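Scrolling down, you'll hit the structures one after another.
Okay, so chain A shows up in both of these, paired with chain B first and chain C after.
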Partner chain A sequence: MATVLDSVTYPHGLDPSDDLRRGNTARLRWRTGFDRWIGYLLPLLFLVALVPIADLVWYIGKTALPTLTFTVISSQNSFQSYNALGVPLISTFYILGLATVIAVAFGLFGGIATAEFLSESAAGWVRMSANLLAGMPSVIVGYFGYFAFVLYFGWGYAIIAGAFTLGFFMTPYIFRTADLAFSSIPRPIREAAYGSGARPVQYILRVGAPIAFPQILTGVFLAMAIGLGETAPIILTVATNVAVPTNLSQGATYLTYLIWTGFQFGPHSVELTLAFEAAFLIVVVVIALNIVVRVIAARFRRRLEGLYQ
Partner chain B sequence: MTANAIPEGSGEAPVVQVRSLTVQAKAKKAPKKILDNVGMDFAPRSLTAVIGASGCGKTTFVRTLNRMVELTPGLTVSGQVLYLGQDIYSRSINPVLVRRRIGMVFQRPTVFPMSVFENAAFGLRLLHESDNEIDSAVQEALTRSGLWDEVKDDLDRSAFSLSGGQQQRLCIARALAVRPKVLLMDEPTSALDPMATQRVEATMRRLKEEIVLILVTHNVGQAARVSDRVAFLHQGRLVETGPTAEILERPREELTQQFVTGRFT
Partner chain C sequence: MSTTPAAGGEADRREPLPPLDSPPDAARRPRRGWKGWVGVIVPFIPALVPAAIVISVAVTLVNASGLHNFGWGFFLPGSSANPYGVAVEIVGSFLTAVPALFLSMILGLGIAIASVVYLPTFITRVLDPFVDLLAGIPSVVYGLWAFIVIAPIFGTVINPWAVEHLSFVPGFARSIIPPSPTTAGTGLPLAIIVLTLMALPITTLLIRDALRSIPKDLWESGLALGATRWEVMRRVGLRTGSRGIVSAAFLGFGRAIGETVAVAMVIGVDARFPVNVYDVTSTMAAFMFENLDSAESHPALLQNLAELALVLLAITLVVNLVGRRLVSHIYAGEVAGI
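For the complex of A and B:
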């Protein structure tokens, strides 16, 4: 039976069914195969990077878990002679909480202002400064806090001095996510809000905030994870206190302080035991924060599916 | 060629008057003119289609009519846009208020991540209207935009669950809810399929009995189907404007003739 195709002539006199086969040269076949193997190799390399992390968590867990009981976590005895973590845990909670409040205040307002209100060139300078601050070694931020808060403001070694120092250190991370979250809201959505007669603050609160919220929350939690692991800014501004502080102008002990000092003592000392236990708790909290971030981000991503792309 | 501002037949004063409007973009050497000395009037209860090729400045033109153009950095506007005789670019005028009187609908649906009801109520919430007022205004706006019958059973569902055409009519309802006197539509059907386009066009034909509609389109057929007047822009200049039938069938200018017959180069 004659079909329409029979009446069609092809260029170069090729049989149409042959055209695709001839194009598949040895060179093209080799390249296609190479691409596939690279595709297998990259996840493998990721697994290689995972090994040291897994080993680290396993080793810390193995060392810390046998001695880490609920009594240890809740005991408010002096950690200088007992295996007791209550004091540094509560102190860490105070310092990190206050530092987060400070960092969110500066980072959120700064990030939103940069994304929404500043001119292109001014925003560029602010972003550069934030990146500079984020790249600053924490010990330098610690020295800044020591000279500014402990000495110049005369606060001495105090929770308030440490919270401000740590807060400044955490600010650029929150700033960057707030800035990015608001900058990446689709322009038509932004214009639709302004086109409906929204004032800038109304746009930010009613349209921008719900869209940017998951990303900003991610930034806050990651900044907390980073802040939890910091040592230098704390040692230089809060130093230590064997008891739970009763007001903000007293010194306190951060969990990382135990790790920092613990390794100066012998292998069977109470200090080294505390160091491993503190390290284990920090690792657990950091992992938990990251999981929470993922869950929140996934939940909100589903809600925002269908947003103007 | 300057403005040929012929008032419409109704004899009523125009709602929007554009006077020697020029928009310039900051450029490395000389500033580039996006709109060059455009002038025209928009009568009450009319639909004017602004047509022209891509890049002729028609989108910029409608964006100057409610000061949305100011959200694009690097553009300077000169000339006048009079809304009920008041220059909207005068120093004492708040652009936020201008946009509440002169609404806007965009190329692709721009629904917000909230319910159908909250999308339609958005402009009213900005004005802190009472719940009763919002309820009735939302129903009225959804009815006027032709969406009410399709969404009335579940106003609380996410606006993202609507089809593209429904989303666009929701955007029209959102703009109508604050009862603007002028509605600007920037290629509102360019992302929609023919069926959805028909329904949006039906909405436009209904609305032009009540308010001033200004429609940007590159689709001459659409201009023929819905508009009373046509303004043809070419490279930032207003080539000619007049009643739709006249412009599409017997244009005075050679350029217009070429564009409407599809022989444009």
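For the complex of A and C:
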């Protein structure tokens, strides 16, 4: 019996209802069976992604935890001869804190200006440049830091050079979250503020900032997590130092540097022990920061939805 | 200004209304003095910071490179001015990044399809953040883990087995460079595995976003026609989300080719072309990372390294430019730091 479906041509040779209509049960069974089995098999691919990471965390934890005591973390002995992490931890706080300040100074205002003052097309170009910077490999930023800060500015292998290099590396993440946070503030709120006579600065400080603050905080945390794990920008621009640095033109030992040294010394060395301890601390802090970022971002999204009601 | 005529003499002293056909108020707006221009220009300055950083990176590297010394001949070793050459590293970068991208795209497609189509929400809500979390693990930690845990497996099990049983296949024969005990197992396959793991969260996340943002009507009209979930996925989902999938490939490639420390740990940085699949070789980023120390006393090598940096910069800029143009918004990527 001719039906109206016979006059329909399917461009890709697919006529889904064909099998049923013609009673082609074999093909129908094959199609549904394939669909069911692929539904069982594809989720197994999650294992390919998650088993290595579980093994990574488990192995690093298993290796680091027996030797990682509070004495190790707080001891300010020379880490090159003892199992002591105090000096690298303090140095890491110095460099990362300084880099975060630099990145916030460069990124925050740019992101707000992009969201608030730039035309749509200009903002598109600026966002593209921030994305390009975020996609730049860390070793290139490290080379830039080496040629620009260490050599050209003559700062030498100093904390200040490393902090600027790392700060430049972290800038786009803060820039983009600040931009995103301010552009996602509902338009009615913006217009209400401007309509009741607020100046741009008043709007940004009193209306925009309280709403956008959590999201900007996620950007800062995210940038810190990324900066904490970076190796190349720091190793190429900061010399090592067995002591806690006392001024910005000295070297300092970053945590990731310990991992690189441990790799170079190889198995059965105190350096490798230190490397695993450093790796454990870094992984724990990075995962914690990422979880905090996710929680805040989810709350921020819910809050934005609330603002529309 | 009131438009109704007011009674009394006061109305006469008021400024008369402009005629209706007068030019728009541009003519009557006060001229913008220099203070006005400050208000227009100053907000732009912080917005230009990222562009300024990108440009200054490029300018610094061009100045530091030896392009003005030996031109584009720096690709090949041999000339007296340039004994190093960068061809090995460029080839090595592509030899590791392309297979890693291929693997991570296949895995990413599978994981994303499973997450969007097949798995129930209460499972994906738990599993998806874990995959995104992989993007946050620092590369040096990946490298340490791969060097300590995976490399011995390759060095003692897989590579000897491959030499014994697959040596008739070209490229699987016994290595002419015998591996030293400390570096056994490092080389191309290990680098490819590490890069696959590192590119996987990016490709998965972008493909998942692309598939999620397909309108529900499209899925349901496909299902209503009698197609199975797989058929709707293949014929509707992958076509509609193709831009996002291509951008995932570009951004994953950018990540894989720029990866530095992890690769430097597992590829056994060695400036020779690989002969067999399990040979050590080098990539651009790893070579740059390992050799800056020794280049300080060799100006030619330093210039060479800066040229490598320029090549890598050009590749990543182009890849990112294309990849990010394809998708208008990367929302979840903001959380994962892509």
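Observations
One rule holds in what follows: the second predicted complex is superposed on the first by the 244 of 309 C-alpha atoms of A that agree within 3 Å, B and C clash if a C-alpha of one lies under 4 Å from a C-alpha of the other, contacts with A are read in each partner's own complex, and residues count from 1 in each chain.
By definition in this document, a residue touches a chain if its C-beta (ideal position, glycine included) is under 8 Å from a C-beta of that chain, and two chains touch if they have at least 3 such contacts.
If you're wondering where the values come from, they're calculated on a predicted model, not measured in any experiment.
The partner that reaches more residues of chain A, of the two candidates chain B and chain C, is C. When the shared chain is aligned, no partner comes close enough to touch A:Ile159: not chain B, not chain C.
Of the two partner chains, neither chain B nor chain C is touched by A:Ile185. When the shared chain is aligned, no partner comes close enough to touch A:Leu98: not chain B, not chain C.
When the two structures are aligned on the shared chain, A:Leu133 is found in touch with chain C, with no touch to chain B. Legend: residue contacts after superposition of the two complexes on their common chain; A:Leu68 is shown touching neither chain B nor chain C. On chain A, the patch touched by chain B and the patch touched by chain C do not overlap at any residue. Looking at the complex, you find that chain A touches chain B at residues 119-120, 186, 188-199, 202, 206-207, 210-211, 303-308.
Chain contact summary for the complex, chain C toward chain A: residues 43-51, 53-54, 56-57, 60-61, 63-64, 107, 110-111, 113-115, 117-119, 127, 129-131, 133-134, 136-145, 147-149, 182, 197, 200-201, 204, 222, 225-231, 235, 251, 254, 257-261, 265, 285, 288-289, 292, 305-306, 309, 312-313, 316-317, 319-321, 323-325, 334-335, 337-338. If you check the complex, the residues on chain B that touch chain A are 66, 68, 71, 73, 96-97, 99-100, 103-104, 106-114, 122-123, 125-127, 158, 160-161, 171, 174-175, 178.
Put simply, chain A touches chain C in their complex at residues 12, 14, 16-17, 19-20, 31-32, 34-35, 38-39, 42-43, 45-46, 48-50, 52-53, 55-56, 59-60, 106-107, 109-110, 112-114, 116-118, 122-123, 125-126, 128-144, 146-148, 152, 168, 171-173, 175-177, 180, 218-219, 222, 225-226, 228-232, 235-236, 256, 259-260, 262-263, 266-267, 272, 275-276, 279, 282-283, 286-287, 289-290, 293-294, 297.
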